[in-house]
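Shared between the two complexes below is chain A, which has chain B as its partner in the first and chain C in the second.
Up next, the complex of A and B:
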C-alpha cells in the first residue's frame, strides 16, 4: 500500500471516502494515505468485494464460455433423431460391466439402452438403463437355471438355458413375452436372435422360427427351412447364413439387404447394422451391402484375416485371427474409434450392438468403447440433452444479448434526446414511449409470430424474435435514462462544456451519457436476464424459436405433458435449472454492479 | 477601444407567472486588456447579463432587445454553431462552483484537452500535451500527475485553477469570471485572484469580473458597474469609488457601508441596507431602489430615473446625483 501511495490532499481523501465508501478496507495508519482510485477502479474493487456477485459472475462466465465454446466440440446435428435412444435418464454407466461378471464373460448382448451379460457359469446380468418393465419381468436366476445363450433386442431380451428352454422378458407386445406354440416344444435351439421387437430362434437341424412385430421385420424362411446356420436381424428384415456358407435373404420383399453380392464365396460370419449387412468370407475379406449410410461401407485397411464380425446400429467391428480389432461406420459416439489400448490387446471376441462395443481379451478382461451414456439424459427424440442444452444456451443467450443491445441503443438514444432537449421533443418521445410500453408483449409477439412466422425461414424467425424483443423492451430504460439526463443536464459542468464551445448534441453523448453509463449498464444487465426469460417463454409456448433449433425455452416444451413431468424429470429439470441459474446469476451481477456503483446502497 | 460593448440589453425569462425582466436595459463596455467588475446583490441580473453575451441562458430565457457588440460583431444575432465557435475560443467563462463545473468522471487531462480539440482541431496527443502546459501555466505543482487525476481528487483551489486553465486554453480575448472565488476560502481566493491578474497582464486578456464582494472588485477591476434589479445604477472607474470614495448612488453607499472596516469603533453596529430585493415580478414603480433608499422622495417613488453623467466616466441612475455628498464616505 505505502509503496504506491502518492501524496493526496486530505480533502480529496475525504471526498473519495464520501463518494466511494467501501466495506472492506485495509487499515492504514494516520500518516499513511490510501491510494485514491479512479471511479472505474473503485467500482471494480467494490464489485470484487461482494462475494455473492462474484460467485454469480463466475458461474455466469463459466456458463457463457461453455455455451459459446461448447458447440464447437459437441456439434449439433439439427436433423438428428434416434428412436432407440428416447428418454434415457442421465447416466454414464451404459457400458459399466458388473464386477462379478468381469473375468468370466461368456457372452454380452446389447439392447438399445441396456446390456445383458452371461457369465461362464450361466448367470445373467443386466446393466445400463433398462426400462422398468424389463427389470420387473425378468425371470429370476433360479427360474432360468444355467443359461447358455442370450440375446437382446430394442426393449426385450431372450435367454436360453442348458435344458433348451427359452425365456423372454421385457416388452411383451406382439406376443414377444410369450413364446409361440411352434417354438414351445423345440428343445434343440442352436441360436437365439433378437431385433427390433422381434425374436428368432435357429435349431440344430437348420430351422428358423420368428415372432414379434412382423409389421416392421420382414421374416419369411421359405425354401431355406432346414439349411439355416445363423440369422441376423436388421431394422426391417432378416438375413441368414446357411450351413454351407451361403448368405440368404429371409425376406418376402426385395430390398437393399436382399441384393446379396454374388461373389462372396464361402461366408464364415455375417453381421447387420440397422440398414447394412456385412459378410466375412473364409479368406477373411469383409463385404458390405445394403442401404449404405454413415460410412458403414468404408472398411478400413485390415492387416490379417477377419474371423468374426459384430455390428452396432450404424457401425461394424471386426476381429482378425491375430486378435486385432477394427471398427468403422458412424462415429457420433466414438463407437467406431477403437481405443489404442484395445488395438494393442489380444482380443478373443467382440460384442457390439447399438452404440456400444465390448471386447473380451484372451486373459478374460472386458474392454469397452462407444456410448457410455448421456450425462444429461436424452429427450423424446433420442437426442443428447447435453448437446442441445449447450447449443440451446448459445441461441438463448445470443437472442437475449442482441435484443438487449437493440433495446439499449434505442432506449439510450431516445432517453438521452428526450431528457436533454426537453420541451416538445420530450413530450413527443415520451408519448411514443408510452405507446410502446402499452403494447402487451406476449399477445403481440404471438400474433406477429402467427402472421409472419410461417412465411419466413428459421433464421429469419430467430432474427425476428430478437428484433421484436428489442423493439418492445426499450421504454423502461428510456425513462430511466431520461430522468438521469434531466438531473445531469442541470449540473454546472454541462454549462461549462457549453461555455467551452462544445456543440449541444455532442454534450449529451460526450458529457452527460458517460455520467449515466452505470445506470445503463446495470439496467442492460437486468434486461438481458428478462430478455432471455421472455424468449424462453415464447419458445416454450411455441411462438419463439421452434424445433429442431434448440433453446432453453423450447427444450422445456416437453414439460407441458404430465408424462414428462412424472417420468422424465431430466427433460425439464435440466433446461429449467440452466435457465434459472443463468437468470439468477445475471440478476445477482446486476445487483452487485448497482451496489458497487452506488455507495449509498451499502448503507442499508 | 472597447472590446465588448453592451447597449440597452434586455434579457427576459418567460415564466408561468409572467415575464421576469432579469436584465432591463443594461449598458456597459469592457476595454481591451481591462477588467470590468460588476457588483450587485443576488438576483440583480449581473450573471444573466454576462451569460447573455454567450447565450448560455436557460431554456425560457431570451434576449429581448439590445445589442452585444464584441470585436465589431453583434452577438445578439449570432446563432447555433457560430456561437459555439466563439464560446471557449474568443470568450470563455469561469464559473462560481469549481466543485461541480468539472465533469466528475473524466480525468483533468481529458477535460482540459477538449477546448484544444474543439477549437484548434488538435490531435488527442497534442491536445493532452497542451493541457499539461496549461496546468503548468496556472501554477499547478506536478502538472503531469495532476493531469491524470479525477476532479474529486483535487482541492477546490486546484479545481478552480484547472477551470482557469481551461478557460484560457484558447487564448480568449474576453474572460467572463462569474464569481470565481465565492466558493473558495480566503487564502485560496487571494491566490486565485493573484493568478488571474498575472495571467491578464501576461496575455492581455480582458476580464468581465462578476462578484458581490467589493473587496475583490477593488483588487481586480479597472472599472466598476453596480447593478440593482436588472439595471446598472452606478458605473465608474474603480479609483473613483474606492480610491476617492466618491460614489454617489445610495445603493453603492449602502454596499460600501455594509463592509466591516478596521477603523470602525467597537460596539458600533454595521449598517445594513434595510428591506430586501423586490420580487422580479413585482417591481416597484419609479426608482427600483426607492423603497429601501433613505434619501427617497416622492419623485423617486413615482418616476424612474435615467442614467446621468456626473463626471467623466462616472454615471449614476439617481435624481439627485449632486445630493450625494458622501464623498467623505461617512454620513
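Up next, the complex of A and C:
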C-alpha cells in the first residue's frame, strides 16, 4: 500500500467522522479499512510504475499490432520480383517534379528509378533515385545547349538538342553511354527512344537506327527503312509505326510482339509496356497484343476518342480528345488508378513509364499518380522492404511465440512432475533434461534443418523450425519449475489437498502450478525474445526460414557482403533495427515483470 | 569425492551414447544412397556388373547388416578416430578438421578470457554501487547487449570499423599473398582476428555482466558480510575476499555453460568474417552436403558439451565443499 492512499483513507475517515459522527466507522469492513490488493493487482501496479518497462511494453505492443494487422493492407506476393527496382534507397520523391520545372513542362521521360524532365526553354532536370553513374556521366546544360527531346531507359537517358546533336549518358553496358559511328553523323533526328538497355533514333526521312543489348532485342528494320515515323521499345522487342499508319515489327525473329493484329486500320499512336503493345486507331479504338500479363489487355470502357497513349512497365494510360484520362493494367503501385482530381482535370498530355504517370493539364500544372517510392527502400530483388518487413515480423513473432508455447508446455509438465514426485521419476527426467540441455543448439538445429528440411514443403519447414526451437529450449524452464514446485509441495495447502483426497496430478497442476505461474510467465517472456533471436540467426545463416518467405533474420541474409553493408545500408539497418528493438523491448518487459512480481529481486 | 567423480563419469558415458544414437539416427535420415555414391564412377551400361559392384559396395560399407550392427561398427570407428572420408575435400575428415579446430578453440578461449576480464570487475562494481546511476545505465546497456544477436553486432562493427574507418579488414584469415617471418604472419593473422574477437567479446558481455552482478548482490546480502564489516575489515577485503569468493560458484557454472554455447555460437561469427573455423566448416559442409564432415563436427560439439558438463560438476565439488556430501 502506498503512502498516498493511506493518507487519503485517514483523511476521508476524519472527514466522515466530522460529518456523520462515530456511527459510520463501525460499518466499514476490514477490507475497506486496510485496502488489500490481490497479488495480480500489485503486480500490475508495480509494473505500471516502472517507466522503462512501460515504454518497452508500449513499443512492443505497437510493433506487434503493426506486424499482425499490417499484412492485411500491405499484401505480400511471395513470387513478386522486379529487376528494374533493385536496391532503391528509401525515398518517397520518385515523382517529385522540381519546382523550377513546374508550369512549363515540355516532356517527361521516365526511367526505372528516375525521371528526366525537359522544360519549354530546353533545360533538362533529373529527379528520383538515379544511379550514381547516371549523375556522374550526365552532360552539363552548357554542353547540351537547348534540348528539344529526351528519352529514358532502364538506367540510361538520351537527349537531343536543337542543333540535332544527340547525347547519351548513364550506364555504359552495351555501349549505351556512347553513340555508335553511324548515329554520330546524323543531324535530322526526329524521335529518340530508350528502352530496356536499348536506344533507337528515327530520322526525318524515316530511317531508324538502334543500338544496345542486341542479345535481347534483335533489332532489324529491313525493308521498312525510310518509312518509319515512330518506334516503341518493349523489354525484348521493337515495334514501329510507318508514316502511313501501319504497325510493323522491327525484329528478325517472330515473337509475341510481332503477331500484329490485321484489323488495326490506320494507327495514330502506339505504346509498349514491358510485354505488350497497344495501338490507337484513327477511330480512337485501342487494341492490345503481345505477351499479355497483369490485365494489360483489359481496356476499360472509354467515353470519347483516344488520341494518344502512353505505357509504363505493366500498364497503359490513354487520353481522349476531350482531355479525359484512363489507365489500365497492373495496379500494384496504384499506377493504373487515375485519381479523381485528374479525371476531372483537362489533360493535355500524359507521360508514363515504369510505375509512374505524369499528366500535364492545359493550364500547365503537373499531376502525378503511381509509385512515389519505397519508404524503407527496396531489396536486391526489387521488392518493397516495408511490405517484407511487416510480413517478416509476423512470421518471426509467430515462430517465436509457438516455439515458446511448445517449450513452456514441455518445461512446465516435466518440471512439475519431476519436482512433485521426486525420486526415480525425478532422477530420470532430470537426466533427460541434461541430455537435451547438453545438445549444442545452433549446430544441431542447422543439421536437422538441412537434413530433414530439404525434403518437405516450405510450410512444413517453418513448422519444423518452431518444433526444433521448442524441443530444444525447455530445460531451463524445467529446472526452474522443478525447484519452485519442490518448495511449494511442502506447504500446508498441499497437505490439506492431499488430506481431502485430491488426485496427485490435480494437486500438481491445479494447486501448486498457479503458485509458480509468475515464474513461468517471466521465463516465457524472456524465452520469447531468445526464440526470436535463434530463429533469426538460423534464418540469417540460411538454415531457418528461407526465401521467398520473409523473416527479419533472412532479410539480413543477403547483406553479408561489404557492398551491401556499405552501399545499400537500408537493406540491413532496417530489419536489424526492427529485430533489435523487438527483442530489447521483450527483454525489458520480462525484466520489469520479474521485478514487479518479486520486489525482492530489485533489492538484491 | 572419488565416488562422486566416478558416478559423474559413468553418467556422462551414458549420455554420450544416447547422443551418439540420436546423431546416428539423424545421419541415417540423410537422403541419398551411400552405396550408389561410392560406385558412382562405375558405368551403368551393364546392369549385371553394376548390381554386383553395388552389392559389393553395400557389403563393404556394411549397409546390408541390421541397423544396430551398423551403429556398433560406426561408433567403434568413431571412437578409434576414424571419421570417414570427405567427398568435397577429397581427404580424410580428421585431416580437414585439425586446422579449423585450432582456430575455433583459440577464438573461443580468447573470447572467454577477454569477456571475463571485463564483466567480472564491471559486475562487481555494479553490485557494490547498486541502484546508482552507473548501475542503472549499465543495466539497460546489458539488456540491449543480450537482446542483439551477434550477426547484427557484426554488421554494425563491419560497417564502422572495416568500411567507414577502415581500421580492420572486412573478412578473411590473412592478407592474400602475404609473406614474412613466422612472427609477421602471426601478427597479420591477429590483425584479421581482431574485429571478430572484439565483436564476439562485446556480444557476450550483456548476459555475463548481469549474472555476475546478481551473484555478487546475493553474496553481499549474506550475514557473514555483515559480520565481516562489523569486524572492521576494509571494504576491499569484504568485497573481494568474502563476497566474491562466494559469488564464484554460480559464476563458474555459467562460464562453463556459456563456453559451450559460444562454441556453437561462433558459427555465425566465423561465417560472417570468413574465419577458417569449425563453424564455417560446418556451414560449408552442410551447403555441400558433405555429411561425414558434418557428423564428425557434431560429435565434436557433443564431446565439448559433455566434457563441459563434467567440468562443471567437478568444479562444483571443488568450489563448494557441501556438494561432495551428496
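In this text, the second predicted complex is superposed on the first by the 566 of 604 C-alpha atoms of A that agree within 3 Å, B and C clash if a C-alpha of one lies under 4 Å from a C-alpha of the other, contacts with A are read in each partner's own complex, and residues count from 1 in each chain.
Simple rule for what comes next: a residue touches a chain if its C-beta (ideal position, glycine included) is under 8 Å from a C-beta of that chain, and two chains touch if they have at least 3 such contacts.
Just so we're clear, the structure is a prediction, and the values are computed from it rather than from any experiment.
Once the two complexes are overlaid on the shared chain, A:511 sits against chain B while remaining clear of chain C.
In the superposed model, A:584 makes contact with chain C only, not with chain B. Shared-chain residue A:428: touches no atom of chain B or chain C. Once the two complexes are laid over each other on the shared chain, residue contacts for A:496 go to chain B alone; chain C is not touched.
Taking chain A as the reference, the larger set of touched residues comes from C, when chain B and chain C are compared. Residue ranges of chain C in contact with chain A, taken from their complex: 11, 14-15, 18-19, 26, 29-31, 140, 143-144, 146-152, 155-156, 158-159, 162-163, 170-171, 214, 217-218, 221, 260-261, 263-265, 267-268, 271-272, 279, 282-283, 286, 289, 291, 294, 297-298, 301-302, 304-306, 309. Within the complex, the chain A residues that touch chain B are 6, 8-9, 11-12, 15-16, 19, 36, 38-39, 422-423, 491-493, 495-504, 511, 514-515. Those residues of chain B whose C-beta lies close enough to touch chain A in the complex are 54, 56, 59, 81, 84-89, 92-93, 95-97, 100-107, 114-115, 118-119, 145, 149-150, 152-156, 158, 163, 166.
Every residue of chain A that touches chain C in the complex is listed here, in rising order: 52, 431, 434-435, 438-444, 446-448, 450-452, 454-455, 529, 533, 536-537, 540-541, 543, 556, 559-560, 562, 565-566, 569, 572, 576, 579-580, 583-584, 586-588, 591, 603-604.
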